[in-house]
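The following pair of complexes shares a single chain, chain A, combined with chain B in the former and chain C in the latter.
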Partner chain A sequence: MKSFRPHPPWIPWLFLSPFLVFFALFASWPVARSLMLAFEQTYGPRTKAFVGLLNFQAVWHDPYFWTAVRNTLLFTGGTLLVQIPLALGLALLMNRPRLRGRAAFRLLFFSPSIIGFVFAGTLFFLLLEKRIGLLNAGLHTVFSHWDPDFPWIDHYVMTSLIIASAWLSAGFHMAYLLAALQNVSGDLLDAAAIDGAGPWRRFWHVTLPGIRPVLEVLVLLTLITGFQVFDLPFIFYNDSMGNGPNNQALTIVTYLYQTGFIAGNLGYASAIGWLLTLALIGLALAHRHLTRTEDPSR
Partner chain B sequence: MPTSFAAMRRTVSSGIGIMLALAVVSSIGIALLPAHHTAGLQAWAFDAGHVDVYNLVVPSWNQRHPDHPLNVSLLLGPALQTRMMSGFYAGTPVADLLEIERMQAGPVFAGPLADIGFVDLTDRLRREGLIDGINAASFSPWTTRGHIFGLPHDVHPVMLAYRCDLVEAAGIDVSKIETWDDYFRAMRPLMRDTDGDGRVDCYPLNGTYANSTTTEVIMLQAGGTLFDDHGQPLLDSDVNVDILARLATWFGGPNRVTLDVNIASKSGLMLIHAGAVLGVIVPDFSAGSMVVLLPMLAGKYKLMPLPAWEKGGRRTSVQGGTMMGIARSTPDVDLAWAALKHLYLSPLGAERLFLDRGIVTPVKASWSNPVFDRPSAYFCGQPIGRMYLRLAPDVPLRPSSPYYSQAINRLGNIENELANLAADKNIGDPAELKPLARRLLAAAQQDLQAQINRNVFLGGRSR
Partner chain C sequence: MIRRRLGRGLLMMVLVTFGALTLLPFVWMVCAAVKTPADFIAYQFLPGGPGFLGIAWDRLTTANFFRAFTVLPMGRALLHSVFLASVTSVLSTLCCSAGGYALAKFRFAGRGFITTLVLGTVVLPAALLLGPSFETVYHLGLVDTYAAVILPALTPAFGIYLFRQAMLNSVPSELIECARLEGCGEIRIFVEIVVPLVRPMIGTYLALAFIGSWNNFLNPQVMLQSPERYPLSVAIFNLRGLYGSDYGLIMAGMLISVAPVMCLFLVLQREFISGLTSGAVKG
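Then we have the complex of A and B:
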């Protein structure tokens, strides 16, 4: 039998070094540089001026930034309230033992998540358009007094975005929850039923605690993706660079993109980026704290 | 040595050795890959139609300059902008000649004059008499702080395309229409409910208030402006207040006369095809697009100068715009300047640009080309090239600013809010909308001014 030869301690570092070099070059350095940028005004690396906290002060007093924050919070809250319950409902439906055509339904609900936000944005835009959009045209055909120019997209900006996002992501979340539901102990459910617990009590006291870890992860993911939303409003309201009517679709990341890459103010955009990062870190810590304190088993 | 090799051999197993060798060989291979390099001058353009035109005149350049052949590449707008700005900011390779659209110009001009990535062409243009040889208004979007950084590609005057089959059948003589009020008065009887559902299906004019296109076109026509000649914002002027309030009553309320039809979108083209609007505001390139994209409407449309905002007022406006400039990094500015003139001043190019795209050249020397007098079968035999060129000298100036796109965005939002208010509260009198228009414009002005003040490179203060 061949004897075990321990490798010298530098061998793991040798193999980690390509990743570490790339990580330092393409992740750590840009992050550090963006922090420096947040305190500068630049026109390329050769032309820069240190402006101290000016960018942060300006962001703080910028009404567009606060509009973007409000819209982002609305979108995140909306997606959280619509997407997760919808995904859970679909997963519970898919988990029913006597459901026929389960695979077809699963494919049907999951397939929107394959296409991505750009396609979903385009699709919903076409669906909700005035006069020729499927919704308006259909309603006008069925109810002749329906206004074919009903401005869904202009009047229901956030609702349209949340519905499009839910349509796209609910199936994806459903897949996670379905897997979690299938791991809930059948014995526990049977025992609860024998003890006289009805469907609601079984769901509340057995199923929900069983899928809670997955639910918590999905909530955190939805919060993070909600805060980072960019492509959906940008596609939906492409004419106005993602602002939408009266800036109702303007999100934090859209504003960051506009100031950094349309207006060319990278320092200001970096300041927005760092404020968003701090908000996300705070959110993740709050989530961790809440989920830990509310779960006595941990 | 043999001892240390043996020690190494003991610690590094053959598997690790193979992986290391592969890593070293592949790294060396990648490092030795030859860099892609195209000889001669490079030009980047964002529009396939423009590239087709340039490729017509490139062979004659290459024949005369075999050592410096010109190569024009097509890059989509966002890709071109990203690569251009990377080149300007960080020195990554860019083409010698770069073509950009008006809304891409903002960040380019946001820095100190000495650091702008394009070569300042002002002296060359003066020295060679091109300042007078090119339509004056076409320079304005490419001018910052009195310096010109690009050769203009176009004029883009704006006219009104109207459904002559319907209008003439109704006995309306458009030659008697002088102002927008005249136009709407004449066309209002043709606003109709074609399907009997009690709602209007045909409006006198396309008006897109979802974005700022129509608002900007009409504002410029009516004498409004967003910036003064020194690049300072002028959003809350009395003229702008009046224009925005009046326009809002076109878009919404009891006197509404427009339908939200964007000619640049597929849905807009479908609505035009369906006859949802009698008149469409068309810059020269949109008239060219109609010929290609709506061939079924040939013989149903004619062009007329825009009705004036007030009696005796301007009968055109301007929309869009493109320039080509020389990247500062080019090794031979004189050669690049010669190539740029070859691409942009060529009579053959000007002719092809009009025939293929409907775009009239800003180069005055080419205006006498009889191709512009050719009757257009699509527009009922009208010489549309000549009609657009007649309006070229009246095209309004657009003082440039790095903050133009932000100003336009604010303008669109304000118009949207006013139009919605007019619709929701059934307001038909512009006077009722003026206080809100003034308040919103003042807030936008203040906000924009604060942004400009923060720019230390434009003389703003660092607070």
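Then we have the complex of A and C:
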């Protein structure tokens, strides 16, 4: 790139400066600071002492932390198994040629993802309530022996959280998958049909490879957001700070919030945060590794 | 022929069923917001009665909304949400578009380093930064101010990434070179040439940042302490703690919280969905 009238060298820095100032204050510095904090014992912003790996050791031997890890993995696995197949199924149905009202359906399915978790959580807490909630009433109308006092929130903690999450996110994934499906070459599908491939084989050998990049990104996205779930359990079980009955709703980030902001031990919370970060980095690296080795063309 | 028609009917039925399942929570919320407590217990949707369509229209009430705005400070919380989301989205768009322009269209020492530094933070969980961000806010003396909610939200890594990609794809370097040769100032090049070329991305990002800020719960929950400064997300959370069994009131508050972004989404839906999904499919 050559130009006869080069720009002064500080021009790119001028454009970058507003971003960099706030990024340094509220991203770079906090990252460095959280790494320091993870090795300190803190009670409030004023008192601290370097304690080496003590925070990590304590977290590692903390049974609540492992409960939180277990619940987080359950939630993440559940949302993955419910949302992605549901979204893919809907997207495949919506991709049928000459479907009437496709744009309207897409808008309808996408609309819940505009709502924040805090609002969806409040709504679903009431929807899942005993007796007054819509879900039990609806199930009781359809199946007359369904118990209208079925205790979704009190006993089926993860199921309740996953139902709310599926309502909120399935349409979002569907919109991405539909866009990917509409990019799959029709010629290729026709050619496969002429060669005698049935619908199942056409899906497996033509459609699925075509949407694989998008599908992989959505899986990674579901895993990353699942690992960081906070709002939903915190709102569902706000009377117990997000713990839920028998700590069944305690997730990694709710525990981080409780130790850091309720108990005021930012060092302990940072140690939890870094363990979570390492898990996320591991996920991202695994994703990159898997998508690279199996598809050398990309 | 008959089989095909049957198949299409079945397809419609499945889609309509899932559409109804998606829509019912919204409908239930709207109905609950206009019912009296007695009717809320007695009827799942609108109360039955002798009126048009078998519904007792005269039993519906606006008392829940009236109370939400008078007894509860929902009006104030609504204003705070509008203020926070507008300021955050506009400032964030400015920071990210200018930063993305610098990373995409200039060669300078440190560009590679900054790009890696910024994009590396994509995998960092927001919760990790919350504690130290609160500390920074504390040392700046900004605890319990709107700045404490706005400033940390201005520079998400994906924002500058989106703009960098948009500039790389749709702003020809030759155009910038030409303008520079003609003696056009650097700021004018950005404002009058670059920004119009990435207008679709600016629209999408503005809407995304607005809705993201509107729905953000954790940050204002940590940074704000006085209830009179709460935005809707935090206000709704506390509402359920304080008025747990006053379902009509909660649902009226929910409707006030959800309706503005829903309207925004319905107006901008085409830009919104296609703007979001086109990036994913290309990338």
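Here, the second predicted complex is superposed on the first by the 272 of 298 C-alpha atoms of A that agree within 3 Å, B and C clash if a C-alpha of one lies under 4 Å from a C-alpha of the other, contacts with A are read in each partner's own complex, and residues count from 1 in each chain.
Everything that follows uses one rule, which is that contacts are C-beta pairs under 8 Å (C-beta built on N, C-alpha and C of every residue); 3 or more make two chains touch, one makes a residue touch a chain.
Computed from a predicted structure; not experimentally measured.
Participant: Return fit or clash for chain B versus chain C, each positioned on chain A through the superposition.
Facilitator: clash
Participant: In the superposed model, does chain B or chain C contact more residues of chain A?
Facilitator: Tallying touched residues of chain A, the top partner is C.
Participant: With both complexes overlaid on chain A, does A:132 touch chain B (first), chain C (second), both or neither?
Facilitator: After superposing on A, A:132 lies in contact with both chain B and chain C.
Participant: Which holds for A:194: it touches chain B only (first), chain C only (second), both, or neither?
Facilitator: neither
Participant: For A:142, select first, second, both or neither according to whether it touches chain B, chain C, the two together, or no partner.
Facilitator: In the superposition, A:142 contacts neither chain B nor chain C.
Participant: Quick one: is A:263 in contact with chain B, with chain C, with both, or with neither? Answer first, second, both or neither.
Facilitator: first
Participant: Regarding the shared-chain residue A:49, is it in contact with chain B (first), chain C (second), both, or neither?
Facilitator: It touches chain B, and chain C stays clear.
Participant: Touching A:11, do we find chain B (first), chain C (second), both, or neither?
Facilitator: Touch partners of A:11: chain B and chain C.
Participant: I'd like to know which partner A:246 touches here: chain B for first, chain C for second, both or neither.
Facilitator: So A:246 only meets chain B here.
Participant: Pick the chain C stretch that clashes with chain B in the superposition, from 9-17, 63-71, 225-233 or 261-269.
Facilitator: Clashes occur only in 225-233.
Participant: Going by the contact definition given at the top, which residues of chain A touch chain B in one complex and chain C in the other?
Facilitator: The answer is residues 5, 7, 11, 14, 18, 45, 126, 132, 239, 261 of chain A.
Participant: Flag every residue of chain A that touches chain B in the complex, lowest number first.
Facilitator: Counting only chain A, the residues touching chain B are 5, 7-8, 11, 14, 18, 41-47, 49, 51-52, 54, 57-58, 61-64, 126, 129-133, 140, 144-145, 147-149, 153-154, 239-241, 243, 245-247, 261-265, 268.
Participant: Mind listing the chain C positions that touch chain A in their complex?
Facilitator: Touching chain A from chain C are residues 8, 11-12, 14-15, 18-19, 21-26, 28-29, 32, 40-41, 44, 94-96, 98-99, 101-103, 106-108, 111, 114, 117-118, 121, 123-136, 138-139, 151-152, 154-155, 157, 160, 173, 177, 180-181, 183, 186, 190, 211, 214-218, 222, 233, 236-237, 240-241, 247, 250-251, 254, 257-258, 261-262, 265-266, 269, 273-274, 276-278, 280-281.
Participant: What residues on chain B touch chain A, complex-wise?
Facilitator: Listed in rising order, the residues of chain B that touch chain A are 10-13, 16, 20, 23, 82, 85, 88-90, 106-108, 110-112, 115, 197-199, 208, 210-212, 259-260, 262, 267, 270-271, 276, 402-403, 405-406, 409, 412-413, 416-417, 420, 447, 450, 454-457, 462-463.
Participant: Give the list of chain A residues in touch with chain C in this complex.
Facilitator: 1, 3-5, 7, 9, 11-16, 18-20, 22-23, 25-31, 33-34, 37, 45, 90, 93-94, 96, 99-100, 105-112, 114-119, 122-127, 132, 134, 137-138, 167, 171, 175-176, 178-180, 183, 214, 217, 224, 227-228, 230-231, 235, 238-239, 253, 256-257, 260-261, 266, 269-270, 273-274, 276-277, 280-281, 284
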